[in-house]
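Each structure below is given as structure tokens.
Each of the next two complexes has chain A plus one other chain: chain B in the first, chain C in the second.
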Partner chain A sequence: MPDLLPFLISGLGVGAVYALSGVGLVVLYRSSGVLNFAFGALGAVAAYVAWSALDHDWPLALAALAAVVTSVAISLTYGRLLAPRLAERESTVRSIGTLGLALVVLGFTEWFWGEQPRRLVLPTDAGAIEFADVRLTYTRVLGLAAAVSMMAAVGLLLARTRIGLAMRALADQRALSSILGIRVLQVDTAAWVISGAFAGVCGLLLANIVRLQATVLTFLVIPAFAAAIIGRLSSLPVTVAAGLIIGMLEAVAVLVPGLAPFRSATPFVIALLAIVLWRDASRKA
Partner chain B sequence: MTPDSIRRERRAARLALLRMVFVVLALGALVPWLANAYWIKTLTSSLALAIAAAGVALLYGQLGLVSLCQYSLLGVGGWVALRVGHGLHWPFEACVVAGGLSAGVVGMLAGLPALRMKGLYLALVTLMLAGGFQVVISATGFPDGGAGFLGRISGSERLMLPRPALAQGEGAYFAYVAAWLAAMLALLELHRRTRAGRSWALIRRGEAVAEGAGVNVLLYQTWAFGLAGVCAGVAGALLSGAVGQLDGRAFAASESVMLFALSLIGGAYYWAGALVAGLLLRAVPSLLVDLGVNGYLAMVFFGAALLHALITAPRGLAGQWLAAFQRRAAKGRA
Partner chain C sequence: MKITLQRIVAAAALLASGAAMAQAKPVCGLNNGKAASGEPIALGAVVGKTGPDDFSASALASQAYFKCVNANGGINGRPVELTIVDDQWNPEVAAQAAAKLVKDRKVLAMVGSSSFVECGVNAKLYAQEDVMVIAGVGVPRECFFAKNYVPVNAGPRVSATVVAMYAAQAYKAKKMVCVIPNIPSLGNWACDGAKDWGKANGVDVDVLAIDPGSPDATSTMLQAAAKKPDAIILNVPKGIMVPMLAAAEQQGLAKKIHFVSSTPAYNFDVPKAIGAAWNGNFDIHLEFMPVESAGADNLNWKATMEAFGSKSDPRDSFAQAGYLAARIVTEALLKMDPKKIDRASVSAALRNVKGFKSDILCRQFYVGDGARHNANSSGPISQVSGNGFKQVSNGCLMAADPELSDLREQEKKFGL
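After this line comes the complex of A and B, so read on.
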């Protein structure tokens, strides 16, 4: 029996990003009924902005801020200008609309920055801490910390604040909430902003862990859908747990003989099992 | 005794079907005369993909179902066609039929969850399937004449799947693919006009409605998925015949998403929409490269077109053009 711990810890890095993306997707879906296919593309454009900023010798904090502001701005623009035009249609069509946004953003990014793959090297990559024979760079530690604190913040926001209450109300009954005087557009806007910020942070982390290539980053969101599906597109804690577990299982799958080339299929298999086994939940969506 | 008006309608419908087949066949006969070898190749894959797009359009247009794994089914069809072509040396037509039927069966299986879940969850299930297929096919690759079940060759040159005996050249193969496209479009159109189409229309209204009207929902919904799968499989087999082999890395989940998006842009309610989708997938990017425009700008354009189609033109480009044409014809009569 080989020692599992190092693999579990290295899987935690990707798992945290899956969890973070899953939460970003679920928050938006819960309040506006849109499953954001452009999540990965927003992350990609954020990562490229950070790369350019660092290239111009900006400090890391400022570069990261610029990146997140970019993804928030695009998300907000779409959420305010285009998404309302589809608001009357069924959930599928509203979600397919973000596919259009994904293509626009992806195409622009690939065109503007060129398609040669690069890595987003952050100044925090230099230092590292050793933990159970695994070298964790400060970037990963910071990323994990950011992921945990952002998820906690959103959890608190939904549970304790007025706008969180409004978001939950919107998720349950959109039309009724608007009759009760909840400002639907305002709450929608908040959801798009939060989702955009999550996309930006995820993009930065993934560009560092995997590589900086727009197409790759855009479709790395597909495994994150798996986490969101297991959370049944509504539960944040389950989504977080699912994201972490998927990341760790994917890392551990390297150890199983013959399974290594197929290990990136882990999220899809888990999501399919979850959908098939939880029959009642999936019916109403 | 059938009233005259109905008889006129029926004749018009029959004529429209014939016109469709004739237009596609005429395309197949004319293009090889007009285009150079590069463009014939590009247009050949466009026509093959149009068959797959017709399947996507069938599911979305008739039943309102979003399937994001049709390009993977194309891969399934291509895999089976290459496997039986290399392993059993079947004639090409038999390879295409085998590819189509097996992709149809897989499509039916993929559609089974649709009996339980609608809308977004179905899109997600199929997206997960496409993601899984991407991982598997890029690890195993496509058969290319080797031994064993996977049929992978190692050490020597990859073998090519021989083309059909009656279409060896580029131009002849283009016409051959056009003939398949015409046949598949006619098959779908005949489905739409008969019992199957009426059942689909009722299912779209609501399953309870359909059930109440005596429609076998299980049968007809699964049938639609199977039919869409057959379209994708035939397209995959024809594509593998065009080049002689397929590349496992070319079947990413993103391709399925793209195929769906472009089928919607083309128009899911009219046969020409599939043709437009095929051209958008292969011919338009080549055209832009010819003109010196970056291929990724085409993607920006596609994204904008998808939003435009969803918001203002739900019937797609083909539907929009057709409506404009009909308006002009009506003005001409008046």
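After this line comes the complex of A and C, so read on.
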């Protein structure tokens, strides 16, 4: 029986970013009813911007800021210019709209930066906590801390603040909320800004922990979807837990003979099982 | 007789001009400075341009060489027309591309092709239509197991075998893990050469097939390290290799285990991407001599690219392969009567190629009429050094892969 612990710890780092991405997806879904397929693509473009800035010897803080500003700007542009045109359509159509954005952003990123191999190095990579013969770099610890703290912050925002209440109202009944005096554009702006910022931060972390490659980062939204689906697109703590578990199970799958060469299927298998096991709850979501 | 004399003069010029050639005019074909104006000779190439990676560099280099040939007397007066078709890494498109070239355009041979998907799809068509393919770069197994497909490169299996042999020689490695992506037609085959060589030489080589789509490189590296190897052979594309080396560095493995790689790591963006931890600490097998080598033919390749290629055409090992493929075909065609050039005679002439020399290759190249082709089965080892590479092997190493025994027999017959 191989020692599972090193792999569980190794998976925790990737799982943390799945969790953080899952929170980013749930926050937009709960505030605007849109499942953001462009989340990964926005993260990818942000990561490439950071890489270019660092390559031009910008300080890390400025590079990270440029990255997040880029993803927020794209997210906001889409949220203000295109998303309102689909606002009256059902949730599926609004979500599929973001798939178009994802493909455009992915195409641009691949065209602009090409396929040249790159690596996004962060100063937090240098230090690590050693546990069960595995070095959990501070970047991974940062991802873990960010997932938990963002879960709490977004939970509070949605549950306890006026704008959070407005977001939830808008997601449920857009027209009615507007009649009741909720400033639709203002709330939409906040939701897309938060989602864009999440995408930017996740992109930076994933590009470091996983790899700086546009296609890979764009489609890493899928394991995050799996986490969000397990959280029924509403529960932030369940989404975070699911993200962590998916990351850890995917890492442990490397030890299963026959399954190891196909372990990227782990998030889909878990999401499918979750849908089957909690069918009623999922339907509600 | 006159033609033969011209060829000898051209070859002598090629060999004699040495280092000065980088700045000099390229030497190609008849090298007489007269533009060819006769009936064109149609050749084709299938490349994977659009898709996961751009493999078009080899055909672009072939095209540059043929432009040079056409400007220098052509094939005894006849110009070469090379049509390059992109298969988009799509087997269906690859089949259409080959059909278009072979059946519609009626090309006499294929030159400089480099595609991940076309060998499996088109090998049968090429055999049925008796079209020889002097390809630039072949990657999947099918490229090295087809009667009419002749890659100029060595391929991933030979590459991993040679680098494993080097790790045993240089680092006394007795236990190794060969990491290979679980891709159809590549999979374990590309690492089994190292494994089979290991069995015969008292070296234990484990094969670790990985999911190329998995984002988690750390677990892969931990799993490889858990087998306590002296060396880890990475036989993966550079896009997957960079995060694996990053994960290995983060886990402190770079100092404990020797990391070596097959040719994909030989890319001038790689040293910068992987960082200082791998400086002088990462060895790579090259399927050709280094692109910076000062051999006369290597310099002629660069001069050809300068004079007849586009500025954006890559000057990498794919381009070296395409240049060599074009040279092999040109030399074979020049030996033929220009009035009696058809597909059957071209295929026969190409099968007759043996003893082709270039300082870009470690050994003489041959085609022959065997059921399969893998004439390039050796190469030097380079090491990451600063933002580039330096050769660390003393000359070339030849793959001692038992699977190559049929080809070794053939080589003996050719006196190679």
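Observations, loosely collected:
Definition applied: the second predicted complex is superposed on the first by the 279 of 285 C-alpha atoms of A that agree within 3 Å, B and C clash if a C-alpha of one lies under 4 Å from a C-alpha of the other, contacts with A are read in each partner's own complex, and residues count from 1 in each chain.
Going forward, contacts are C-beta pairs under 8 Å (C-beta built on N, C-alpha and C of every residue); 3 or more make two chains touch, one makes a residue touch a chain.
All values derive from a computational prediction rather than experimental measurement.
In the superposition on chain A, contact of A:35 is made with chain B only, not with chain C. In the superposition on chain A, A:23 makes contact with neither chain B nor chain C. Contact with neither chain B nor chain C is seen for A:182 once the two complexes are overlaid on the shared chain.
By the touch criterion stated above, A:261 is placed in contact with chain B and with chain C alike. Contact with neither chain B nor chain C is seen for A:230 once the two complexes are overlaid on the shared chain. After superposition on the shared chain, chain A has more residues touched by B, the comparison being chain B against chain C.
Touch criterion met: A:104 reaches chain B, while chain C stays clear of it.
By the document's definition of touching, neither partner reaches A:170: not chain B, not chain C.
When both complexes are overlaid on chain A, the residue A:213 reaches chain C alone and has no touch with chain B. Overlaid on A, the two complexes show chain B and chain C touching the same residues of chain A, namely 115, 223, 261-262, 264. Chain contact summary for the complex, chain A toward chain B: residues 35, 37, 82, 85-86, 89-93, 95-97, 99-108, 110-111, 115, 215, 218-219, 222-223, 225-226, 229, 233, 261-262, 264-265, 267-269, 271-272, 275-276, 279, 282-283, 285.
Against chain A, the residues of chain B that register as touching in their complex are 64, 66, 113, 116-121, 123-125, 127-129, 131-132, 135-136, 139, 252-254, 257, 260-261, 264, 294, 296-307, 310-311.
The part of chain A that touches chain C in the complex is made up of residues 2, 6-7, 10-11, 13-14, 115-119, 121, 125, 128, 134-135, 137, 206, 210-211, 213, 216, 220, 223, 247, 250-252, 254-255, 260-264. Within the complex formed with chain A, the chain C residues making contact are 52-54, 182, 209-211, 213-220, 222-223, 226, 238-243, 246, 250-252, 267, 269-270, 273-275.
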